[in-house]
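First chain A sits with chain B, and in the next complex the same chain sits with chain C.
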Partner chain A sequence: MIIDQTVEQCRDVLDLMPGEAIARAREKHPGIKGFGVFPVYAPVEIIHAAGLMPVGMFGAGNKVEISHADSRFQSFICSIAKSTLELFLRGDMEDFVGAVFSSICDVARNLSSVVHRNAPNIYVEYLHLPQSRISDATVAYTRMEFERFRKNLSHHLGRPIGNDAIAHSIGLYNKVRRLTRELYQHRKERPGSIAASELYAVVQAGTRIMPEEFIVLLEPFVEAVKQREVHERDCVNVVIEGAFCEQMPLGLIDVIEAAGCQVKDDDLAVGWRLFEDDVSTEGNGTAALADAYLSRTVYTSVRHDGDQPRTEGLVRRMKDAGSEAVIFAPAKFCEPALLDYVMFRQRLEKDNIAHLKVEFEEKMWTFESARTEMETFAESMLFD
Partner chain B sequence: MRTDVADTKDYRGRVHDLSRNIMTDWMTQLKDATQTNVPSAYLMISGNCVEILRCFDILPVFPEINALQLAIRKQSLPYIIKSEEIGYASDNCAYVKADIGYTMCGGVGQDGSSPTPSLIVCNFVGCNVYIKWFEHCASMMDVPMVMLDIPFVRDGQASAEDLKYVLAQLKDLIKRCEELTGKKFDIDRLREIVAHSARAEEGWSRSKDLCKHRPAPFDSYFDSINMMGPINALRGTKEAADFFDEVAAHYAKMVEEGIGVADEEKFRTVVEGPPPYPYYRSFRNLFEAWGAVAVQSTYSTVGGTWEFGFRHDPDRPLESIAEQMITHNLCNRSLLDRYDQIRSYVDDWKADALIIHSIKSCRLFSAGQGDMREYFTKELGVPTLMVESDLEDPRYYAEAQMKNRIDAFFEALQYKRMRQEAGA
Partner chain C sequence: MITGGIDIGAKTIKVVLVEEGKILAKSLVPAGLDTDAATNQAVEDALSAANLKKDAVARFIATGTGRKTCPVTDNEVTEVSAAANGAVHVFPNCRTVVDVGAEEGRTIRCNEEGKVIDFAFNEKCAAGAGTFAEGMARALEVSLEELGPMSLRSNEAVPMNAQCAVFAESEVVTLIHNKTPREDIARAVLDAVASRIISMVRKVGFAPDIALIGGVALNPGFIAAMKRGLETEVLVPEEPEYVGALGAALSGI
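Our next item is the complex of A and B:
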């Protein structure tokens, strides 16, 4: 009961326009304003500590007709860039103070400029997240970059963002991430206890709800999932790789499992659950976040990883999840995901690990060909 | 209407020949290095630190130049296809695909045209694709990779912390070069090299500045390619510095004599975006047919924006290398900074129009160019044409459509000018 209700509630949240999500948050936090966070990662704790609501900017799915943004971004640019811009151009982001983008790809970088020019009332920040091997210089740089983010935001708002406030926010987000990790872990151990699309809806809703309320929603949900009865089924255990920025349509996630696969791990909305354990609440908050970013995060395709290649990260992730195949799910035109596919694929083939690539677009509404491909893939694995 | 301007014009041929000579020398060195143990290293063009490699006599190899040459010789497609066979998508940057395909087919190494590098130096200056490209090269050839993470310009220019971060990484690189070559770092040698760079940059800037004259002595888009090889790949050598002295003197003389690159310069343009290398000649013809001369271009500044005054500094060799990598090149600056750069080109070089060549492969350049067009046409009233193809993949160039768009644009521009003259 709790499970269905919560999932329903979360799906409702995903249907809201960004401004509506803020309006809903205002019931508990009068007058609060939003701050957009473009994937993959930003230190949301600093935003929250500034008295703002961090909101994941994952485009607009199929909720918005693109009528202005495609004159700014060409046909060969990913959908999330266009639909995110469309929201700004339509005036849907009026309840937002600002937005942050980071150095994930060339498109995101240019998008931050285009938003800056077209939404002059929005405060736009750009983070250069480090790509180098971890050294003292990288630590100093990253701390400085997060500190710069705090200072600039504080200056823009005209109010301090204190260490205590940041530590409090870190505590809240630690709790959200801990609960989310529990859900992910539980799914690995008892696959079938939560459908991939249910888990996704809940995690994603957490990017549009204040953490205070999200924890209240998440705690009983996690307990209920742990109690849920599981029916064994014959299926192929898979991990999803490549959907770290633009998000798959819920329908496509359902299709993966309906076609005979069991998702045991995925990288959907990974930036919001990047840390492998708690971030320290002691001392300087921005430094704690920077240190955690550098040393205790999962791999993603938007970050160079020096001596710990992502290819090995994927194999390890598969093994940890007890899965036997990988579904590559790059968004159409997503350069980092499409480029990484080559090396991932080569690595998997070295160990004879099965994989399937299914490209998607956020506006995709028919999944028939994906379903057929997925069914064939699952059958070939099950009856091999 | 002429569609074929003779290549044989002395003024164009001269700089082209000079450039070809010094670039060929370097390529011969690359070819020779396939048979010897001369250390070499991969590097990207944008905001590079070639001076440091040079200081250790490490031969710089630029995969982007390999890709460019394949395209201009119309040889890129089979290699692109080869890469697509191993999983690259049709939407991935075709520079990467051509180079990876070429490497897979033996283009690099003992039987190839350039050596297997001893080191891969990934100068991440703006373009995120660089990282993936070099990660793949490093894994494919089993060569160690050094990552130079250059912070993007966020607040107009490099902060003290940005500089510190880059300097620390450059010092790491120096250590790696010492290990590789067994040579000790010699800062005085670096000063000499950096002084050569500064002299080349001076010549580059003087040449570019000469295009402010009417008629412009060279096409700052199409002919800049003759200067881009030497400034980006050979920077830090005496030969490159001498080359630029000669080029600048040559163009200055043309200006003095009133000779322009076009027989009759009718339109002055600024061009944004890389050229379609597989159709370089035909693309150029489409503009020449209208007497359109590019007096400035953004693509020519991917390596460095020298024309705005930055010079490497022998008194602060490492610091100036770091500053150039962070701040003084097109790729590491925001799209809005690029708008400013173009605006100053339009104003100071007195251009009539902006041409945007949108490249499917290269999202660093192309993502958001629609907005750029809006800004220039609607906010600044600069006539702007946007056309689309690719810099490497010949499959995206539609000749007839390209010609129609360009002809229609210049016809309208010509008509507008006639009306203005009639009304004046």
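Our next item is the complex of A and C:
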């Protein structure tokens, strides 16, 4: 009962336009304004500590017709960039103070500039996240960059963003991430206790709800999932890789499991649950976040980790999850994901690990071709 | 044990009844708008041809794009698995299957048991499917059946640059205006379809023998274009449009 209600509630949140999500948050936090967070990662704690609501900007799904953004971006640009820009150009972000983008790809970098030029009332911040985490200068640099983000935001708002406030926000987001990790871990141990689309709806809704309220929603949900009866089924255990930025349509996630696969781990909305354990709430908050970003995060395709290749990260993730195959789910035209696909594929084939690539885009609404591919994949693995 | 395979494609519905690996009967009915009625008709036709009652068939297995809504089915299998299964049954040494139907083309790499190893779809590209050839035949004012033999009489290869069915059609119109012989245009059209499919074959990585199945494999011009493009022989069954239904029927054993 709690599970169905929570999932329904979260799906309802996912259907909200950004301004509607802010309006809903104002029922508990009168007058609060939003701050957009473009994937993959940004220190949302600093935004929250500034008295703003961090809102994940994952495009607009199929809720918005692209009419303005096409004039700014070429046809070979991913859908999330276009629909995000469309939201700004249509005036859907009026309840937002600003938005943060980061150095994940050329498109995201250009998007931040295009938004900056075309939405003059929006404060646009661009985070230069380090591309290497093994050099000596990286720690000092990252701390400086996170501190710059805090100072600039504070200056823009005309109010301080204190260490105590940041520590409080870190504490809240630590709890959200801890509960999310519990859900992910539980799914690995008892697959079938939560469907991939259920878990995704809940985690994704957390990017559009204030953490104070999300924790209240999440705590009983996690307990209910742990108590849920599991019906085992014959299926292929998989991990999803490649959907770290633009998010898969819920219908496609459903198709993966309906086709005979069981998702045991994924990288959906991974930037919001990037840390492997809690971030320190002691001392300087921005430094704690910077240190955590460098040392205690899961791998992603948008950061170079010379000492920990992503290919090994994927193999490790598969083994940890007890899965036997990988579903690559890159968004169409997603350069980081599609470039990594070649490396990942090579690595998996070295160990004879089965894999399938299914590309998606925001406005995808019919999944028949993907369903046939997924079913064939499952059939080829299940029936010898 | 008798089993039935029902392949519900975009344009036609094929039914094959099988016993001990041997085909008892088969039928083909245009899909039309009422696919349920067409499916029932195709099943009735096959049963009648085999002089059997429906309950003599242990199970019906559906495949094809309409498999999810098949009104007569005990189970289903994807068209990819069915194609591989059927092709290896017909040609035991087949390791690559190229299946081109009205709306879709696919390439499948399989093992000696007909199990799928890898596959690729011709996604969202009409230029790599039968309907494209049909449309171009209309532009040339010949029937689809005439297009293939006509292309074999071509004396010159005319390149077709367009990567898309819509643009290709305007290119065909330009060729017509330039008084290019129809035989050469017909070959250009079928070369273009084959070129799409061959890219997919190379993506999957092909191993001999290669079998060409699906309705488009009835077109001798397309077969010739595939042989030219792949620079190898391809095997074509006598009735390539039934191989998917055959594979589905065999998977029910």
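One rule holds in what follows: the second predicted complex is superposed on the first by the 381 of 384 C-alpha atoms of A that agree within 3 Å, B and C clash if a C-alpha of one lies under 4 Å from a C-alpha of the other, contacts with A are read in each partner's own complex, and residues count from 1 in each chain.
We take it that contacts are C-beta pairs under 8 Å (C-beta built on N, C-alpha and C of every residue); 3 or more make two chains touch, one makes a residue touch a chain.
Remember, it's a predicted structure, so these values are computed and weren't measured experimentally.
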Which of chain B and chain C A:368 touches, first, second, both or neither: second
Contacts of A:376 with chain B and chain C, given as first, second, both or neither: second
Residue contacts on chain A - larger count, chain B or chain C: B
Doubly contacted residues of chain A, that is, touched by chain B and again by chain C: none
Residue numbers on chain A that touch chain B, as the complex places them: 70-74, 76-77, 81, 103-107, 109-114, 116-118, 126-128, 130-133, 135-138, 140-141, 144-145, 148, 302, 304, 306, 309, 311, 330, 332-333, 335-336, 338-343, 345-346
Contacting residues of chain A [partner chain C, same complex]: 368-369, 372-373, 375-376, 379-380, 383-384
Parts of chain B lying in touch with chain A, wherever the complex brings them together: 86-89, 91-93, 96, 122, 124, 126-129, 131-133, 135-136, 139, 147-149, 151-152, 154, 159, 161-162, 164-165, 168-169, 172, 334-336, 339, 358, 360, 362-364, 366-371, 374-375, 388
Chain A contact footprint on chain C (complex, rising order): 65, 77-81, 113, 115-117, 119, 121, 123-124
